[in-house]
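Next come two complexes, and both contain chain A; in the first it sits with chain B, in the second with chain C.
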Partner chain A sequence: MATTTATLNLSSDMLSSPISISASSILMKAGITEGLELIEMGRGTIAESDGSKTAEFGLPTALGVDKAAKLFLVNKATDPTYYIDIDLHDTNVGRLYAGDWMFIPWGMNDTASELVIEAEPSGATCPYEFVLLQEPQTLEGHS
Partner chain B sequence: MATLTPTLTLTSADATTDQLSFSVTDSLSVTAPHIGLAKLAVSATGANNIIQPATDGQTYYVYVKHTGVDASGSTVTTTMNIELTGDVVIGKLAAGEFMWMPVGGHSLGVQLQASSGTIVAEYAYFTKA
Partner chain C sequence: MATTASISISSDITDNIPFSVNANMTMYQAGTTLDLEETTGLAQRTFSGTPSQVVLIDVSATAVTPAAGGHKVYIRNTGTDKTKGFKVFLADAADDVEEIGTLYGQDWMLMPWLATDANEDIMVLPSSSEKMTIEYAVFHQ
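Let's turn to the complex of A and B:
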């Protein structure tokens, strides 16, 4: 059992009184057991000319049913107009602009939950980095 | 126009033999409208718990936390789905967990759904300037 702690701090000068939100949690397996012990980290680059691609990390399979996973993804582009379009299979979720990141729970059950990424606009190239924290999955026998 | 600064830190002393220590921050230009920080007793019907409206080309930055209690204040261990409207499941949060993500450029909103009973969620969203 591993204990991984995630902490988020949000601060803003949007209002006359400063906004400050802080949250900290131990990442859990599905249910109430601590520990996402499978950690995958890496980086890649996607260009607009590549079209939409299934992200190469943590491909959802039936092994992910009822398993917990958390995904961190950051767009490392420096041109502020470049963004990574994020889709769940065929459903658009949102855009990660240059320097922006997300930290989400991810239900990696089947192809309907595959993460699809696409660099935009025309001519854009977006380096990205990711961290995927998962429950260990039951290994399959070799073919 | 205002600035929103999100910072995420991931740490673990025992997930691997080498310690995990990771921190990232960002500086976001945001504008109205924004909602936050709000609280909602989430039921088991996602369509009844829409926390962020459908977008019309803009991007929202969305924060959600599972507080670990139900509407009566009792501790719960049930999970809470993060969904796009239309019941498109992104993933589920366990008690105490949170998420941060951009949503936008499309027409769907964000809704929450308790796996059973009720779960009190805290949430906020900010609009990209």
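Let's turn to the complex of A and C:
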């Protein structure tokens, strides 16, 4: 079985008792103890002039119903004012500012699960890197 | 008052293509290099009984500046059972529901959160009527 492990170390000294979180998980297929088997990774660039775009990685379809996937996405811009606006279909998730990353489970069930990205503000260009880890989707018969 | 997060992903999915991810970030206020200064602290909720979709993090009940842009949310299924999971949604309790994905036992997530209004409340749905626990924190400005 393939073993993929995602580990987080988070610390914050905002409180008088600092927060320290260490979390680690072996990433499995949905609801079973078999490891994920697919990796898709790459790098892209999106400019504010591009407008909002459906992310080119992991296009969700009905073939992803009840399948597990995890997405890592990082904004590689260096200007702290540049951000990538992240939408899940038509709902805004949040903004990845320069250097920010996110790691989420992704229910790639249908087009309503599409990830939409947009660089902001005016004039911004944001390089980004992504890794999509998933279990194989349902296979279709060939045409 | 720095808040930092690092991620490490390792995998042996492929024999011949080395793969690892390591990334760090410092959580800043939107568009600046000023540290985030507020947090909910680490919280925990336990669910049991008939599963239903519930608000875990309510925009209106969290002292975030709506749509400020710098907020981050951490959520983890603290259970060890990989067959049970929490579906996580961005959703208003009444209507618009967008499923983010499912956190199985020990799975965690860290994501930005715009927190504009109730349509971006964070909701969860446990997969089992048995006791399931989730922990979460919001780091915000």
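The working rule: the second predicted complex is superposed on the first by the 140 of 143 C-alpha atoms of A that agree within 3 Å, B and C clash if a C-alpha of one lies under 4 Å from a C-alpha of the other, contacts with A are read in each partner's own complex, and residues count from 1 in each chain.
The rule we apply is simple: contacts are C-beta pairs under 8 Å (C-beta built on N, C-alpha and C of every residue); 3 or more make two chains touch, one makes a residue touch a chain.
These numbers were taken from a predicted model, which means no experiment stands behind them.
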Putting chain B and chain C onto chain A via the overlay, clash or fit? clash
With the two complexes superposed on chain A, say which partner A:Gly42 touches: chain B (first), chain C (second), both, or neither. neither
Of the two partner chains, chain B (first) and chain C (second), which one does A:Thr81 touch, if any: first, second, both, or neither? second
Which of the two partners, first being chain B and second being chain C, lies in contact with A:Ser25: first, second, both, or neither? both
Which of chain B and chain C A:Thr4 touches, first, second, both or neither: both
Those residues of chain A which chain B touches in one complex and chain C touches in the other: 2-14, 19, 21, 23, 25-28, 30-32, 35-37, 39, 68-70, 72, 74, 86, 88, 91-97, 99-107, 113, 131, 133
Within their complex, state which residues of chain A touch chain B. 2-14, 19, 21, 23, 25-32, 35-37, 39, 68-70, 72, 74, 85-86, 88, 91-97, 99-107, 113, 131, 133
Name, in rising order, each residue of chain B that touches chain A in their complex. 2-16, 20, 22, 24, 26-28, 30, 34, 36-37, 59-60, 63, 65, 77, 79, 82, 84, 86, 88-106, 108, 124, 126, 128
Chain C contact footprint on chain A (complex, rising order): 2-15, 19, 21, 23-28, 30-33, 35-39, 41, 68-70, 72, 74, 80-81, 83, 86, 88-97, 99-107, 109, 112-113, 131, 133
Which bits of chain C are touching chain A when the two form their complex? 1-14, 19, 21, 23, 25-28, 30-33, 36-39, 41-42, 69-72, 74, 76, 82-85, 87-88, 90, 96, 98-116, 119-120, 127, 137, 139
